[in-house]
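Residue numbering begins at 1 within each chain, and the chains themselves are lettered A, B, C, D and E in the order written.
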Amino acid sequence: MTENLQILAGGISLGCVFALLALGFVIVSKATGVFNLAQGGFVVWGAYSTYFLHQQVGLPFYVAAVLSILFVALVAAVMEAVAVHKVASKNLYTPILVTFGLLMMMPPVVSAFWGTGQLTIGDPWGLKVIRIGEVAITERNVAVIVVTLIVVAVFGLFFRYTRLGLAMQATALDPEAALAQGVSDKLVHRLSWAIAGALGAFGGIMLATAGGVGLGPGLEEYALLALPVIILGGIESPLGAVVGGLIVGIIQQFAVVYAAEDFGVGFEEVVPYLLMIAVMLVRPQGLFGTRKVRRI
Amino acid sequence: MTGGETGSQSSEGLVVRDLTVRYGPAITVLRSIDVEVRPRTVVAFLGVNGAGKTTLTRAVTGMLSFHGGSVISGDIRWKGRSIVGLNPRRIVRAGISQVLEGRRIFAELTVDQNLSVGGITKRNDNALKERRDWIYDMFPRLRERQNQMAGYLSGGEQQMLAIGRALMQSPELLVLDEPSLGLAPSIVEHIRDTIAGIREAGTSVLLIEQNATMALSVADYGYILSHGTVTKEGPAKELLADPHIQSFYLGLDEDTGELDAVKHGATA
Amino acid sequence: MTTGKPLLAVRNVKLTFGGITAIKDVSFEVEKGEFFAIIGPNGAGKTSMLNVLNGVYKPTSGTVEFEGQPLLGRKPADIARLGIARTFQNLALFEEMTVLDNVVLGRHHFMKAGVLSGMLWFGRARREEYEARRDCMPLIELMGLSDIRNELVRDLPYGVKKRIELARALAMRPKLLLLDEPVAGMNGPETAELASWVLNAKRELDLTIIMIEHDMALVTKVADRVLVLDFGEVICCDKPSVAVNDPRVIRAYIGGTDEKVINQATAGLKEGSASTDTTEKSASDAKKESVSTATSEDAS
Amino acid sequence: MAVDVSPGVAEKNSASKHAAPKLRLVNSRAGRIGVAVFIVLIVAFPLNFGDTYWLGVLNSAGIAAIAAMGLNVLTGYAGQLSLGHAAFVSIGAFTAQYVGGQLGLPMIVWLPAAGIAAAVVGAAVAPFALRLHGPYLAIVSLALVAIVVWVARNIPSITGGNEGTFVTAEATLGPINFAELSIGPLSFVREQGMFILIWSMVGLFLLLTANVMRTRAGRAMQAVRDHDIAAEVLGVRMMRTQANAFVLSTFIAGVAGGLLAVNLEYIRPDEFGVHLSVEYLAIIVIGGLASLWGPVLGALFVTMVPVIVDIFSDSLPFIQHGGTDGMSTTDMSLLLYGLLIVIFLLAEPKGLVAVIRRIRDRVRPPRKAAVNSPA
Amino acid sequence: AQNSGGGSGGSGELKAGPGFDAKTNTITVGNILALSGPIAATAREQLAGQQAWYDKINAAGGIAGKYKINLITADNAYEAQKAVQAYNEIKDKVALLSGVLGTPSVKALIPIANRDKMVVIPSAQDASIKDEPQLLPTFSTYQSEVANGVSYLVNKDPDLKKAKFCVLGYNNQWGEDINEGLTYITSKWGAKVETFAKYGPTDTQLTAQMQQLKSAGCEIIGFSGAANNVPAVVSAATQLDYKPKWVMGFMANATAFSESPIADYLKENMIFTGPGGDLKGDENQTLKELRESKALNGAELTVQHIYGHIQAIAVTTLLEKAIQNGDITREGLTKALSELEKVSFNGINGDVILTPGNRTLPHSTTIYEYDKEYSPYGLKAVESNFTAPEGIDPKF
């Protein structure tokens, strides 16, 4: 029992990391209709700039983290302005590849500055553990879970109740019509990228903590792990990202223990995809997605 | 220039002077156009498909650059200030709003949310609420459907929504691009009355129409656009009476004979 | 009209979407060779009715028979094969394909060749392609599309697109042609031109037509019978001259409060029946240079 | 250039009433010369050009071009965005080794078998795709990659499991062994023979896709892409069309996989991952979606540009060589390559095909198009 | 093993092929590795390690007193297909390949190397390639390493023979290798591998695996994984308050760990295995010189440097033999390889015995403990060139 609770706790924090990474995709997709592969780059930048500000400049960790998140948000917005905006409404394919090109460019820049070795980001959580009854959970995981929940709540409210949230949805649906109502598509697009950048950066920082995988090259790959989560939850639904993340995280963790041997090598790696397909068969728009409106 | 009957100062309202518009490097669509929309008037624009009517609306509402077009020469003044090069947001805030050709409602937002987007530049919630009620009164059909995804509305309902959305901004100049397209006669009539009502309420209207009978019957003044230039203009009544215009732009009933021939050929 | 077995029989069709009833209870019959119009206020369920006829929507209840065969439960593609073609209210062309390819697609179900023989450009595939193009060329010429047949549809003006849609539907050699607001967005002469093409095609190809249209002048002129829908229900189904004078139709559709609207709508009817002389000019000529001298009563 | 059924220029006034347009695949003299040159080059070029490095690069490009042609059928012509293409290439590759290597059957058997195996799986997944659109399909198709890698890792008797397998299938056609080509007294290196094989296949598939796309089945795919409901209402059977697109696309992918296997001589499940799928997508977008030559041009771009950039960045002064920190040549070329993709797509979202078309139009102005303003 | 004698190779008699510049008497050797991405740090250190040895040989006048060695690289991005491209890029410029990083890349090159008669020194520890005729493998296998590591622990504390032995490893061949080595050595005292917990290289959360190991009561765990997996391992173990003995490969260490919170756990619970010896001591002259070499550019000596050094020693040993034979063409080098009986590494690695068709890879392994004070690399040799007294299966 304790064992299972322990695995559940692990699954929840893993799920929250997935959710954070997925949310970045979801925001951009919801507001601009672009499927943004560069998200992985934000993860890298967030982690390394925090390292730089904390370990090299000497700022306190939290200050460094907040500054990095802001910095990456800015970088993301600039990227959107310079490279993506022009092709955003072209078709589905061109923006995917432009963002792929952007993704390719980011790690080399990082490794030019910080080399290719493993680094220590110096987070305050370290390996500290909180025990609740028999179940133990690292402080870092608590931080991930808490922040994820806050972020998601904020987003839910934001999209439902604010003008800007509405503007974002409208722009995604029809940029010209939104523009005609006085909604600046540029502002909306940039803002959504900035948010995605901030989320990616936060995800990156958490991944680079000692309780994560550490800071090193290849961090951008982790963003891709969130892809099945996005679909499972529904590509335009922040809530879906979270529920999807939790489902995948928890089931994957249990699969590691209870199913791996019977289903062959590498089963837990396909678990997210199998879950995604299972959901797709029943609900092609994902758990919380809405069906595309089409009529003739 | 304009032989209109209203003799007010031309620094009021919308004044387009010598406007030339081009798409890309080479496609010139409007050539030296002069247009004027005075306060509290309805001005109709007629012309065959591709004449450049929509392009004119884009020039006025700042949407040209979105389509890769630009003003090459000339000026557009709104209430005395040049609005060439302003972005659509500034223009909306200056009091010009538009109904795009082809409805363009937000298919995956509800009817209500569509209206909210329409009023997005306005801050006064009470005023918005009143405005919304006013629109629902004007189009009761929309009220019935207010929580439905707009994409599922019928063509005509979508057109009503598009007009309603533009009116949410309480504009001083409303630019309508083919508002009667696909509407039932009673609704066309309704919209005609609405346009007249809007004018009475102090808003001027730039009306682009294929349904010339409808347009000229509500307009004060009219322009005929052909291949990017104004080939004729005048008070709406005069245009309506002009036999050339009748034969080109007015309703089907003029051509009775031919159709009957074809149809009778069928039965013969 | 001839009686006997109708070409199309719609009985007690009901269609709902979630909580919304698009069609309440509609029954009507269309005879072979008839020009049948459907009118009604926006959102009355006209387009939905066409969608039911060609299988895009599945009605909640009711039956539809075409030439005695039930249509419900068949896929749109199968219904097309039975000989029902249509055009769309909001244009549904293949934008990234050429005009010619769009029209040739109308021949799709008359052709049989699959991927393999197409790949090898051999035998049937090759023969069929030649035949399909040969069959489509007259239509393309008829609609005045010859010069642009290799252009991509995307860049063409609205009016031209409407003509391509019609050509594409006619290429299917349908028995029953469904037209959803074919002249929306066209001015008078353009409307006349299109109407004359439709009537020509009807005669030459022996078509039965169901047309949705808000242009009452056109409806009164070309239709044999008019079905009037309101809120998904039939409020009238009769000759145009009868329908437009039906008070319920006037109230629901044409605009009951305002006399002049009725006058406007019925103007064509009166004129049409009054006028007997015919002109030799083709409709397309009329659209171009010649200035018609016909007069009309001023609507306002 | 692209699939073109246009009549000769002389016919443009359609003097001949109701004459069906001619259906020549290549309708201009320049075009026909081009085709002839292409065919001659496939044989003449490798035999006179011995640089195995560049031949090797071109061989990779050729295989990528074939695989991308398959993706172009699905994504370009049929409008289904897929990031799962690498999975089908890998099925083809392992099938080729199983049939050609383990069973020892000749190329005339293993090459089609590679295509068919991939196509069978393609046909099986086609029905799912019908319900999905846009990014949904893209990501769901990613699952294919993950699943195929997982399966391949768990059937070591065929795939060699994690560690992969050497490829012993032989590239022989009757007496011709492309891996050890010799003509009379002349014998050629492997790359030269493989060039002839690979680029002949490129030519063959160019012809086959061109034919499909100008005939009934291919037209239906494009129609479904542009407007599925309208296509259905015209009598196009969605399911069949979708399945056609998947089968054709994956068949081509499988054949490409077979060629990749013999060319590489060693294959491993993990090599056919997401990055490969993205590369194929990059090829068709950079080359030009839904165009015949797009995949070929795109493949040349995607395989040769990094090589050229590499050579170029090698000579940049501030680059670190050897084992110490600093930006390596590799990082530099990754950076430049990413930058090139971005710049190129911003400048020409329609791809290399559009660039070439523009250049051609500048050289030889197109005939006036009678578009717009129906006067 | 550096038989610097033998003046038999006058340039007049030397038959040379690609990679030899007769004007400068320079022999060029090539490296195929990834200089970007997660593996780049490893690659760079290996290169520096190779360069250090060549510098030393060149400074002493070169092989046979006159032939200098030049090192060039090509990038494989850690992909097999790119490795083939990289191979074609440099093959005409090199006499042999002094390093190919990554087992997949090595395997992809085997058929080509066989055809071209190219000799390749693989940077791989895979037992399956040890008898490939064109390869000159130099390292002990993963199997040997983990076996030695566990044997070391058990011999220090015989009570541990009754411990429960487990594996936490990648769900790929590397994990299988560790499992195989551990199964082999534990069978010597009648034990077995209780649990093999698997994870993917990109897994961030290892709580479930750790719970699995803990529940099974594992006390000694063989690990396969890279440095970037270790924080997650330590985090999960700490979370569960779980402290078995871990036997890690040297690839699992990173300099950065010494200043990170995981250092204490490493020190208490982990030993590392690999080639080399006392990284800071002076007993071994080769290590000392390597540590002070210019090629390291002031960096702290790591096992990866030694790894590269070992490859370079193998290269020069082979070249000496070939030069003695008067033939450094591809065929000549291949022949020299087939004639070479063994390669020795000055005490930084066990001997490779090159019995044709049945080679024996080094069975000895240096055992390191982790100590962050021994910083910053943190590996402190507690036993140099240790071979399990139980013996190592010759097939490893």
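In the analysis below, a contact is a pair of C-beta atoms (placed from the backbone, for glycine too) under 8 Å apart; a residue touches a chain by one contact, two chains touch by 3 or more.
Just so you know, these numbers come straight off a predicted model, no measurement behind them.
Farthest chain from chain D (centres taken as the mean of C-alpha atoms): B.
Farthest chain from chain C (centres taken as the mean of C-alpha atoms): E.
Centre-to-centre separation of chain A and chain D, using mean CA positions: 32 Å. Spacing of chain A relative to chain B, judged by their CA centroids, is 44 angstrom. Computed centre separation for the pair chain D/chain E is 39 angstrom, with centres defined by C-alpha atoms.
Of all residues in chain C, those that touch two or more other chains are 47, 56, 88-90, 92, 157, 159-160.
Across the assembly, chain E contributes 36, 40, 44, 172 as residues in contact with two or more other chains. The set of chain B residues touching two or more other chains comprises 48-50, 152.
Note for the complex: chain A touches chain B at residues 163, 166-167, 169-170, 173-184, 290, 292-295.
Every residue of chain A that touches chain E in the complex is listed here, in rising order: 3, 6-7, 9-11, 13-14, 17, 107-108, 111, 115-120, 122, 126-127, 129, 136-138, 140, 207, 209-218, 221-222, 225, 249, 253-254, 256-257, 260, 265-266, 268-269. By the touch criterion stated above, chain E contacts chain D in their complex at residues 34-36, 40, 43-48, 51, 71, 73, 75, 77, 79-81, 84-85, 88-89, 91-92, 103-104, 107-108, 110-112, 115, 128, 172-173, 176, 295, 297. Chain C makes touch with chain B in their complex at residues 17, 20, 39-44, 46-48, 89-90, 157-160, 181, 184-192, 195-196, 199-200, 202-203, 214-218, 221-222, 252-256, 258, 261, 264-265, 267-268, 271-272, 275, 277-279, 281, 283, 286, 291-296, 298-300.
Note for the complex: chain C touches chain A at residues 47, 51, 56, 88-90, 92.
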